[in-house]
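Labels for the chains are A, B and C, by order of writing; each one numbers its residues from 1.
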Amino acid sequence: MAQALLNGVISGLLIALPAIALSLGYGVLNFANFSIGAMITCGAYLAYWINTSLGAPMLLAAPFAAIGLAAIAIAIQHGVYRKIEDGGHVTMLVASMGVAFVLENAVRLVYGADVRMLDVPVARPISWNGLRLNHEQLLIVVTASLALGAVNLLLKCTQIGRAMRAIADDPELAEVRGISRRRTIDATWAVSGSLTAMAGMLIALDGVVEPLMGWNYLVSIFAAAVLGGIGKPLGAFAGALIIGLAEETSALLVSTTYRQGISFVALILVLLLRPQGLFGKARIRG
Amino acid sequence: MIFSAERLLMVDVSAGYGALDIIRSIALRMERGRITTIAGPNGAGKSTVMKTLAGSLRPRQGRVIVGNRDVTSLSPPERARAGLGYVPQERNVFKNLTIDDNLRIGFEFVRPKATPRDFIVARCRVLELFPDLTPRMKETAGTLSGGQRQMLAMACALMPGPQILLLDEPSAGLSPPYVRRMLDAVQAVNQAGATVVMVEQNLVEAMRVSNDAVLLVAGRVEGVWSARSFLSDRNVRSLFLGDTNPDVSMRREGASRDGASAA
Amino acid sequence: MIDYLIAILTFVAVGTLLGFALNVQWGQAGMLNFGLPGFFGIGAYAAAILSKHGVDGFTATAAAVALTAAVSALVSFVTIGLREDCLAISTVAFAEVVRLVLMNETWLTGGTNGIRDIPRPLLDVIGSNHYEAAFLAACLAIVAIVYGLLELVLRAPFGRALRAAREDDIVTATLGKNVQVLRIKAFVIGGAVIGLAGALHAFYFTYIDPGQFAGSVMIYALMAVIIGGKGSNRGLLAGACMVMMLLEGTRFLKEFIPILGSQQAASLRLMLIGGGLLLTLILRPQGLVSEYRLSIREHADPAAPPRREHRMDSA
């Protein structure tokens, strides 16, 4: 049971990264980004490429992969989303489905559908008080915590973070107060790209690299973000922990393949009973 | 607190939403350092004028000039940086952010090159005008009362030291003591050097502090009066006819006038 | 060559049915069913499993339709009242669960290996020589019938009420129409058509596996609906056919770009399909044949007051 809880926390920390990216994107851009799973996959493959083809160790590959995905995300924003944003948030949502499709198949085009592994040294798992933890999981805990701390700092204390929160609160007023919508949106995509790339790499480190790796987390990510109150990035963190714990502890009762089923149920329950999420206050509206 | 005022011109401005113009061929000259109130019945287009000045609404024709600079093609953020401070009628604070954050945001994007010290100085000046806000810096703006929110909204617009302050119904929904305080603040801001243009329904209070009054009816400027004579002018009252919410105090004033000449 | 043409047309026919279904659910009723592939899979697997257990083709098809309709009723009942984007998320999640079930409940579905040798209905009567052609003829007939029925339904008061609800459900509710029931009905109708398409798919290919009911089905359907002009079935016929012809044509890619392996050609094709969807959204989101309406999607009017849209977080 304790092992399940530990796994749950780790799983939660992992999901928190893309969940926050999703929530942040929803707050600033006002649409649900269905390509979040594909972005994870893309980030992992970028890292894979830098790691195996260019021979860089993961420690070096990681920041470059994050920057790379951030750049790709901004490019997609300018190439696709910016051109259709007048069409409303449903159009953007449909577009993000299209983007996801293109990204996943781009990855398949280059690398095929087989499973690949990152080039990292293998290490023995750590044992502690009867709980098992392998190095990759430890890495997840450390990296995710640092990343989440950084995002928190960004949002609360920096100018660009305030700009993101302002636009999420009231886009028209934000413009009147001098905030550049374009630049803030680009910054949001950069943050999203970095977070999802990190998630992709962590998933890859603890497992494999394959074209559906991100898609497999899609439901969990959405459930986490909605549970935390979509549009509230810091709530997404809490939501992710809960989802992670729920999925791992349910593995004691239900087969692990239906992990996403648990998230599905959680998602539906939240949407029906408390759409603003557990931690979102009913947003104070004018 | 020193601002450097600028004049504001509207040259043959027509604007509206979609196919119909709400305001037509507006020509206004608001000289620097003066307070101008735009008055008129409901639906006259007063908010539209404000939005056109602030940049939220692009005019179909005409120009908006600040000082000597044509700002018509500038977006709202650019207009803010060109010296136009704007307090919209509703949704004028970030309700989910703290007062501190609101004030910071009001400042940092309009004055991107300012130092932290500049910010502190600006905040001190603004809080002198609105001391109620000082003990509440860490509170979320949405939890403030209506009057406090209006004050915060104005404080945010004042933070970067605008040359021209645009106020859309600053006293809307406020209790009488707050109305006084708001308009006293407007007067103080003007005395420190800012040009002020405001839309106000509460005409008695508005005229107390204003220099000039513009009457807007059905999207057109019917005339400009001095604030002192505006309320007692017979023409004004007849042009206002059809207003479903006549200002009660205006009627009372007119009734007791008894033929005394305009100042 | 003829065989290839027959194959394309059959594929297009099945896709058209899916397009009709999405048109009813989304185009007419405003419910963005991103879980379409999942319902498609349910229909196909139902028909396949029953068929393999000796049930005749027609009954199996009817059962597939009924089952998919029933599941649609359940899903739409649970998600009733959710906004478009919340519904999209929920249906995607539902389709994922369906996919997981299809992949893992090997005793029922054959797992990732799928189901082979699905008996085709009336095979012994028609004979295998002309079966494909006859099947195509049947599909086209079915498309025509479904088109006719849907047009009838959508021109009737039901359809008008549905479209009214799509535009403004509060007003429609005050007029006495039960908006939620309308929507469930529309979703079920769509679901039934999807189930039908699934059965046809199973009988045509005689082999199904979970991978066939994945993203590309959704993209096709979305493209067909959007190009055809959301809500218009007539436009969909034009749009769907155009789209699918185009896309099936890209199967020839491999011949022109010999360096591509078949896996890569397939991925490139799918990328082009996704790209096609994006291009459609960027260049012509209102489609080729727009539904007659008084206000078509507003184009950006810089002078217009910015729209404030519903957000999921304000309940």
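In this section, a contact is a pair of C-beta atoms (placed from the backbone, for glycine too) under 8 Å apart; a residue touches a chain by one contact, two chains touch by 3 or more.
What you are looking at is a predicted structure, and each value in this text was computed from that prediction instead of being measured.
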Problem - Chains contacting each of chain B and chain C, listed by label - result: A
Problem - Identity of the most central chain, Cα criterion - result: A
Fill in the blank from the handout: By Cα centroid distance, the chain farthest from chain C is B
Completion exercise
Between chain B and chain C, the Cα-mean centres are separated in Å by 54
Exercise for the section: Could you put a whole-Å number on the gap between the CA centroids of chain A and chain B? Expected result: 44
Completion exercise
Per the C-alpha means, the centres of chain A and chain C lie apart by a whole-Å value of 29
Practice task
Enumerate the residues of chain A that touch no fewer than two other chains.
Solution key: 172, 283, 285
Fill in the blank from the handout: chain C residues touching 2+ other chains are 306
Practice task
Would you please write down the residue numbers of chain B that are in contact with two or more other chains?
Solution key: 56
Problem - Residue ranges of chain A touching chain B (in the complex, touch as defined) - result: 159, 162-163, 165-166, 168-170, 172-180, 283-286
Handout entry: Residues of chain B that touch chain A when the two form their complex
Key = 54-56, 75-77, 80-81, 86, 88, 90-97, 101, 104-106, 108-110, 140, 142, 156, 160
Problem - Residues on chain A engaged by chain C in the complex (per definition of touch) - result: 26, 30-32, 34, 80, 83-84, 86-91, 93-95, 97-102, 104-106, 108-109, 112-113, 171-172, 218-219, 222-223, 226, 229-232, 255, 257-258, 260-261, 263-264, 267-268, 271-272, 274-277, 280, 282-283, 285
Exercise for the section: Sort out for me which residues of chain C touch chain A in the complex. Expected result: 32, 34, 78-79, 82, 84-86, 88-90, 92-94, 96-97, 100, 103-104, 215-216, 218-219, 222, 226, 263-264, 267-268, 270-271, 273-275, 277-278, 281-282, 285, 297-300, 306-307, 309, 311-315
